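For reference, the structure I am asking about is given below.
Order as written gives the chain letters A, B, C, D, E and F; numbering starts at 1 within each chain.
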Amino acid sequence: MRVDGRLNDQLRDIQVVTEFTKHPEGSVLITVGDTKVICNASVEKKVPPFMRGEGKGWITAEYAMLPRATDQRNIRESSKGKVSGRTMEIQRLIGRSLRSVIDLNKIGERTIWVDCDVIQADGGTRTASITGAFIAVALACGKLLQDELIEEMPIKHYLAATSVGVTEQGESILDLCYEEDSTAAVDMNIVMTDEQEFVELQGTGEEATFSPAQLSEMIELATKGIQELFSIQKESLGDIAEQIQS
Amino acid sequence: MRVDGRLNDQLRDIQVVTEFTKHPEGSVLITVGDTKVICNASVEKKVPPFMRGEGKGWITAEYAMLPRATDQRNIRESSKGKVSGRTMEIQRLIGRSLRSVIDLNKIGERTIWVDCDVIQADGGTRTASITGAFIAVALACGKLLQDELIEEMPIKHYLAATSVGVTEQGESILDLCYEEDSTAAVDMNIVMTDEQEFVELQGTGEEATFSPAQLSEMIELATKGIQELFSIQKESLGDIAEQIQS
Amino acid sequence: MRVDGRLNDQLRDIQVVTEFTKHPEGSVLITVGDTKVICNASVEKKVPPFMRGEGKGWITAEYAMLPRATDQRNIRESSKGKVSGRTMEIQRLIGRSLRSVIDLNKIGERTIWVDCDVIQADGGTRTASITGAFIAVALACGKLLQDELIEEMPIKHYLAATSVGVTEQGESILDLCYEEDSTAAVDMNIVMTDEQEFVELQGTGEEATFSPAQLSEMIELATKGIQELFSIQKESLGDIAEQIQS
Amino acid sequence: MRVDGRLNDQLRDIQVVTEFTKHPEGSVLITVGDTKVICNASVEKKVPPFMRGEGKGWITAEYAMLPRATDQRNIRESSKGKVSGRTMEIQRLIGRSLRSVIDLNKIGERTIWVDCDVIQADGGTRTASITGAFIAVALACGKLLQDELIEEMPIKHYLAATSVGVTEQGESILDLCYEEDSTAAVDMNIVMTDEQEFVELQGTGEEATFSPAQLSEMIELATKGIQELFSIQKESLGDIAEQIQS
Amino acid sequence: MRVDGRLNDQLRDIQVVTEFTKHPEGSVLITVGDTKVICNASVEKKVPPFMRGEGKGWITAEYAMLPRATDQRNIRESSKGKVSGRTMEIQRLIGRSLRSVIDLNKIGERTIWVDCDVIQADGGTRTASITGAFIAVALACGKLLQDELIEEMPIKHYLAATSVGVTEQGESILDLCYEEDSTAAVDMNIVMTDEQEFVELQGTGEEATFSPAQLSEMIELATKGIQELFSIQKESLGDIAEQIQS
Amino acid sequence: MRVDGRLNDQLRDIQVVTEFTKHPEGSVLITVGDTKVICNASVEKKVPPFMRGEGKGWITAEYAMLPRATDQRNIRESSKGKVSGRTMEIQRLIGRSLRSVIDLNKIGERTIWVDCDVIQADGGTRTASITGAFIAVALACGKLLQDELIEEMPIKHYLAATSVGVTEQGESILDLCYEEDSTAAVDMNIVMTDEQEFVELQGTGEEATFSPAQLSEMIELATKGIQELFSIQKESLGDIAEQIQS
């Protein structure tokens, strides 16, 4: 029995609010249990220097937490004057994942900045960020299409992410909350497309290891959970969902 | 006639959501027109080194904006590796204002960290931060009292802030939105207590100056607006409002 | 009776040495009581990137203290690797104040850098910096005129600043020295033009508040003191004073 | 046929030089094809502040490249004043991997610093670092045992790492050199113990995705390659190999 | 004939003002031709962590230039966020030189901070800093003696410095001004004691080299010049000069 | 008798490995006793902004130590976020020395980056770096000539460096190892050309001074040692040695 009464293969409750703030081209508040992330997609009419003149676009992500998103207050990275290794790892992961399902040639010489700001954290912030960021980017692309700034929907596939893990008792579980995550023997983040292919797979056992059989179990759980996430994404996208011919 | 149809002495619509996130001792989402700020108060059981052993507490504030809180995306201060002068000015103002109405001797050797994070900006973010931060700190103090960690409510007076200005046409107006602020000849931020005393008064004319008569007019408008803010603060504080014997 | 025997409405002794160092276009050592500031104005033949091609100039200020300008030695900001919030606030104030009385269109695509370096501090360093910086900039503009690099004197008005405050005993006083400043209940910096209009007005009560009546008293004292500063500025400017048709 | 003529399941030539430099408690030069990494293990008689007094040790890793380890010279991270996201990711991975096979209780209140400095890079620098770092740490632990500073060998299992990938033509290959890595559709780093359990598994498809079947193939290749790495590690450790009762 | 009419073995005019600012224990303005440096010595009642408990003191120096000390304005090192290599070299040289003539055991657990701030530069700023810093430190030591905080004068020898060089025409010259320095083939800084021993000798030929014969000539010139500096130092120290039993 | 049994005028054993790593245009491992430095010369087809369009090249050097090059592990400068004063001093010295013997007009608009990375330190790392860097640069220039990218060998003279010192017992010694260096009364680094002219001469006595007679003795020893270094350089350069018509 899990700390919050869920079954091993059960996701937490998920809610998606679109148009959460007024300025971004795509703005989403995603809630996964007690984890809440604002995902904003901003379109800028230029690309980084190393890409200029190629007619291609770029997608990059930034990730941060409000200082009191967690149980204990964390010092702001702006006050420390540098971004932590953990933050860099996460924002590189989000950017790389999004780029794998978007045809950068179809967005022209534009950069889509995706800002994932965690306002409340209870485990799984990076996977919630990816799932929410996909919706924000889809909304922004929908807006570019509607404004006739681009000709085709650049999104090739749906993309979502979740975490899976192995408890100290050896049980494989889906979508870990913070309490589960901090005691788990193994922790794995999986990013998949709606073709059931992997984009990223990162499994770690800090003070433990995991067997090929445990790996299979975790992948199975994640695959099931991510299917549910795709349904939620489609619903929240409304008309735009139809433009994505995955 | 103002851009949003308000009278010269009219505040924008204001909403306050308390317990906005679950971790902080006091958590508030304050909405002033299209400006939205999350104000979180966190209590830490220690004080800065220079104050240790004095039996007194400390209150300090930090302020930030989400990158896309504004019409154009701003680079994160954590990515730039340093906090801008504007940010420092604002967070010093918020902290100083709060300390003026709180008896630091009554909170023991604790630091109250106040984080003001602007998620949507439309002018007046620093004054909305002060007004919302006061509520968050009052909630945190109420919690300390309820948990019997302190003996008396340390808050001496209500505190709220608003902006006033002079338009290019020479009219004095209350509570400027972004469009008004960016074209105003004079801009003034006023922080007051419910005894109608000033805590801070900062008037600036970048490409203009202002006369003593204009100063008087602006002060009158601000005084009126801040009275309304006190009513809103009291209402949102519920039972805790009664503990503040201003 | 004040610590140095002055009347409540009395400025400290003020001296201005022009051409203090040989390289700057305008170089001033201003002494206000025991506060001594070197104010250097440097003219550079370019403007910041965001202003290029507009045919307009820019004025910006930097402020620093020698490590032992104060009673206790301070760590250099260059050694700490960052500029403090206090320094940023002051240099933004100086720059903004100067820009309010100078017609940037009349200096062409030039930047005037104003460096205010406090070599001895005894309170009022930011207001002494503004008063001295005005003279340095006027000297630099005079030199541009004389060298026929510009056609008209770009200075629209005289500009000077002083501090006023309220003592713990409730008395309003003019031009606070360090000892007065550190015990004052209220501290206010006022920047005015010779048309008796305000450019900046920043009043603060860290552990106190102030009433509208006290505000009026302080403004009256400051207005009187600043008139005296204009006389001193005019005298030190000599021939150039006549070119400023305020 | 691979660019360097290897079979798909063939590792590059590997050499290990122990006692490469004289100061470190464990010093190794590992050569994997044209990739050369100096792995030094240094023992320090203290632990980070958050661990003091627990009687437990700590292992941490740092990773860097000489500026001209690569075909084009890279700017030093010390000159840039900050460590890149890539570097942080790699050093966190190395440290985490080593900690998974070492009993920190058996090294006492000591920190083992592992420095992996790439002097020549041709792909697979992070996995070569892990494989070499394990040997360096084992040597350092052997020295602690020999000097009777610890009582038991703290190493629980052998640990080694390699990369696997999928080529653009869809073939799974083992131990990618730089040319292969830069054109691969999928890239995966796998860290395993000699019990054939996973410690880390990080698979990425930046502009591609991969199927469960491809995942299985890659894991099989990696498992085979890592067995060979264990033989090389044992041989280079000599007598110390016998003390590791995995 | 030199640019300013001096003979090859002639120093520039030198003036020393003591008690230049009021706070430091030793405060000097030294003028060497058009080079002007404020040298302040501050006594602090503690030593760096690595020296605590040894009953010994420490002397350290910092060096900076006002932005417009030179013909073209330089960016402040505090704005750049880091201290240049040139500044570090100079401040290490000043500190090392002073420590060579002061018995650190005789100043107790105190740090003497020496701040050399160049307010006007015309070549030879580092050697003027050393010559002036010696006087400032001697004044501070005199004050410690007078206040009976130390028992004996800790200064073992007089210390002064000058520059010498070889012109493009091959002539050896003493005490180079900026114009000479920027065209010289060889530039050498020499720090000596009044026993005519060397403390530091740093000769450099960026686009030239120098022979042993030229080295001898330069040393002879420097030795002569430094004797004159000792006389000026003694005169400016007054009574304190008698306490230095070199 | 010296700690390692050498005569006072005897260099340590020296070995030079060329083509140490495969990527750089010139790559050298120089071993001087137990000091080992990798010296890599990289040719880049551009010059710093201030030199563009002059048809001239530039040579610059960087210096670093592996963290465990020394007996105690040092924190990486990249982790500290800044380069130490000692490192800056050394890299400025190496760059300046190399530029004195190379005709920058003959390398075209190219920058030669010289990276000196100490992998094992036992005193004399900066002089070993200079001696090794000269060989690396000569190899790189030889390659430019061979590839017909330049027309003439740009190297005007051989360049090498060594250290000399005075022991506590007053003996002058050549090529100090770490143990000698840390107890020496005087330490001097000398950089010379094969015409027996000085390029740099830096003598320092931190807690001692040195007489003109001791200076002469040290120069004599250095001159003798540097002749031997030129022979070793010529031998290691092979055919390229003949192209240098010093």
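As a working rule, a residue touches a chain if its C-beta (ideal position, glycine included) is under 8 Å from a C-beta of that chain, and two chains touch if they have at least 3 such contacts.
Keep in mind the model is a prediction, meaning the values are calculated, not measured.
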Every chain in contact with both chain A and chain E is listed here as none
Shared chain contacts [chain E and chain F, defined touch]
none
Given a C-alpha superposition of chain A onto chain C, how large is the rotation in degrees, taken in steps of 5?
120
Computed over C-alpha atoms, the centroid farthest from that of chain D is that of chain C
Round to the nearest whole Å and give the separation of the Cα centres of chain D and chain E.
51
Would you kindly tell me how far, in whole Å, the mean C-alpha position of chain B lies from that of chain A?
33
Per the C-alpha centroid definition, the whole-Å distance linking chain B and chain F comes out as 60
Touching at least two other chains at once: which residues of chain D meet that condition?
81-82
May I ask you to sort the chain touch graph into line, ring, star, complete or other?
ring
Starting from chain C and stepping next to chain E, in what order do the chains sit around the ring?
C, E, F, D, A, B
Across the complex, what residues on chain C touch chain B?
82-86, 88-89, 91-92, 96, 99-100, 157, 188, 193, 195-212, 215, 219
Of chain A, residues touching chain B in the complex:
21-24, 27, 34, 36, 38, 40, 42, 44, 62, 64, 66-71, 73, 76-83, 87, 113, 115, 117, 119-120
